[in-house]
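To start, the structure itself, in structure tokens.
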């Protein structure tokens, strides 16, 4: 979980940086979109690098999901009888890891259908990512789905990053505060960065 | 002087210690002992009952040596034996402080501290072994307190003037026990030790005069079963719970040693009980047990009461010149660090004078104000933090601001099954180790010596002496449950439990236990008189009779039944208590923890009568309510000459 | 004080249990929680009912025998053991729920009593230093730096009560296992078995049916001895290191 999670976290950091290019106008954003496809050229054929990235990501997502499934199964089996007296346990981020993960997984499917394959994006034009982004965030449901998912990502990263550090043995009493601060910082920056785009579209900063 | 309640039998002529210079006796004994060939050891089964410091250490060591060990404990895990609650530390004559300590000084201090009622040979051996115990425990990873240079730290304890007590904050017993538990766990994993947890020994099986097994009850299913071996080792601790309220664990009990006594093992010095001076006073009738505050607190805390009788002002309103630091006043050279028996009795005296503090006037102050001024609160916190926390939790008072209130409580029993130098009881094949035997502390145990004795017996003494028995004894055929003697013991045990279940009276086991405990505390506690002891001896048979008429135990024997366990233990307390009172009555001298008001010096100190009572009283059982037989083992002092103990 | 109790009653391991309601009167705030239960049990016994079974022994907070989930908290609202929890933590008229430790690896034996022998088996798998009696070198032969000795002690304080498992939403035994691994692995005496210790103990822990760790942190909050949460990270580090060093 820790290793696949950290890989995906690295991808998210690159992703948010790419997204923010939207603020530099359609030309630069679309050029960036084009570059993603021609990455690695001329050594690699067009889209090869992109497909390598996609395959690695797919494998990571699968690994993360399989481990999450196995861990959840094991954890549920380890507590077969629930306590009669319910009480709130652990932090919100910790408690929402499981369902948060499911929400994010569903979002990814929608996200790909929306902005990669353009299947569910009504006004989509292939090769014009900037316009497609604007189209998505011009609908109310596009904003709701996206912003909800990004909040889930933030919570997931907040517990996930710190937790991965513990799993990989990087945690210690003296380093604990620093790790928690980095986790919260990362979560905040990622969420804010991602949400900035729909907010900008809604407020007309990006159109 | 003779009392009708007992008869005097043959004296015990030989306790089995080798002759020669005392420092060479243990070596000689080990050399003379027959050994069991390592290849033959696995053919021998040894039963060890109890998994405290003594039992855990013995089981682990015998397992390492290649014996097959069957180990029993009533707890759900061997790690919970009550040795775990020992707080202060463990003594060893390492002389790391270069403060004049030596094996001989530890030997001397222990014999003197025990008020000259312990066997010199045993105590000297214990002092010799003490240094090896520390080495052993460090090798196991016991996290003793260390100084910045990485070497072991020590502190002082009551009754001595050197710093020889090794400790692990206020949890020394826990750390030593976990060391033994881990060593035992290693042998369990290796298959050398078979553990029977939640299984309580209810009787001893003696065949042809030899201990060959035990009868035990599975506390979950209630199944009563017999287990067989070539030797049985009892490491079942002391019998302080006779008093109902004590610092012992709730389930600590005397059944194993008492049943062994009934089967023929002599019981020695039953009246030698230790009342610990620093316990948290009781708060009401609901009280189920008492909690000890480590004696180490007396290193820095000062004990006082108001000078005036019935002074009910809060501590901080009593000015310095109206306080009586009575230990410092009466014993200027040892001050607050006098031995336990003396500190306890002094507390009782000031409370009896009406100068006690707290509810009911049953308490004295243990004040850290000076220590906090001298060392700073931080240092006090580092040294005693966990004890202060515990006190605060129980009393809801902050000991950094108001002085602690303490009062003596039953803590340890020096008496126990009589054993010879090899820790053999009078039943061949039955050994008793740790607090279960009577051996090394005489009439009073010094602080931090119980851990030393438990581990000494378990790691070093028993594993060296049991060989000799196993090598010599004719142990050809292992008995089984079909043996008539076994069937008889099994039937007796089942009958006893069935009887308890069938009375269906109107009083709970705890109510009888509490009644007996109060009686014992009143008449066989810190100060004893002939009159009081006679009263107790009259009363106990009546309680016993009432018990069998009115006891109520719900449920059945074939299930988890804690009430049945308790009731069965009370049966044995009701007999043991009688022997304790009788022993206290016959010993009309004061010594150590046994204080007879008739025998005191003009200034109120214990007055021994060495000519008349310089012996170990070993009692032989003859029947419930029957006159037991007293066998005397004369104590010979060649190296430490009895003097009136002086800590002034 | 007068209190309402709802207590888990279960006749034996095979039976199905349920919460049963009781009233206890005359509770003093100086009573420990277990003394309050004693009072109730005395009443039940005289009424001819089966007293409530619960594990307890030292009643000083050190043996680790007692373990009750009180109002959803392992050992109740204070950071201590149930035996050291006093009734002054409650108010007159309170309703208190009392349940056993819940974990697949800790099956219920009766009422509030559970079987914690899985902990013993984790220790048997490697929670020791192989130091046969008599083989020990002089205690001062190997000095231990004070910070290491303190770190070892901090982890050695574990009383094996199982509150960590009871509190963990996943019934995980990571805190218990890590306490022993860290205690022994930091000491020079524990170094020779450092790798096998952590690998074997973790393997046994998994085989016993404890859940996996998701770093929820409930264990360290419930621990009456304050074993810190970073203890788990330290064990993970040891485990990863051991896997690199030992080819199995």
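Observations on the structure shown:
Letters A, B and C mark the chains in the order given here, with residues in each chain numbered from 1 onward.
As a convention for this text, contacts are C-beta pairs under 8 Å (C-beta built on N, C-alpha and C of every residue); 3 or more make two chains touch, one makes a residue touch a chain.
What you see is a predicted model, and the numbers here were worked out from it, not measured in a lab.
Each step here moves to a touching chain, and the least such steps from subunit A to subunit B number 2. Here the two chains linked by the largest count of contacting C-beta pairs are B-C. Centroids of subunit A and subunit B (each the mean of its C-alpha atoms) stand 65 Å apart.
Chain centres here are Cα averages; for subunit B and subunit C they lie 27 Å apart.
Subunit C has its Cα centroid 38 Å from the Cα centroid of subunit A. Within subunit C, not a single residue touches two or more of the remaining chains. Residues 6, 8, 19, 69, 71-73, 97, 99, 102-105, 167, 169-172, 209-218, 228-230, 232-234, 236-241 of subunit C are the ones touching subunit A in the complex.
Residue ranges on subunit B touching subunit C, taken from their complex, read 57, 60-61, 64, 75-82, 84-85, 94, 96, 132, 134-136, 138-141, 143-152, 168-169, 171, 174-175, 178, 181-183, 185-186, 188-189, 195, 197, 220, 247, 249-252, 283-284, 286-289, 291-292, 390, 393-394, 396, 459-460, 463, 506, 508, 510-511, 552, 554-555, 559-560, 562-563. Residues 71, 74-87, 89-91, 94-95, 97, 159, 162-163, 165-173, 175-176 of subunit A are the ones touching subunit C in the complex. Those residues of subunit C whose C-beta lies close enough to touch subunit B in the complex are 11-12, 28, 30-32, 34-36, 38-39, 42, 45-46, 48-51, 53, 55-65, 78, 80, 84, 86, 88, 109-110, 113, 115-117, 119-120, 123-125, 127-140, 142-146, 149, 152-153, 156-157, 159-160, 183-184, 187, 189-190.
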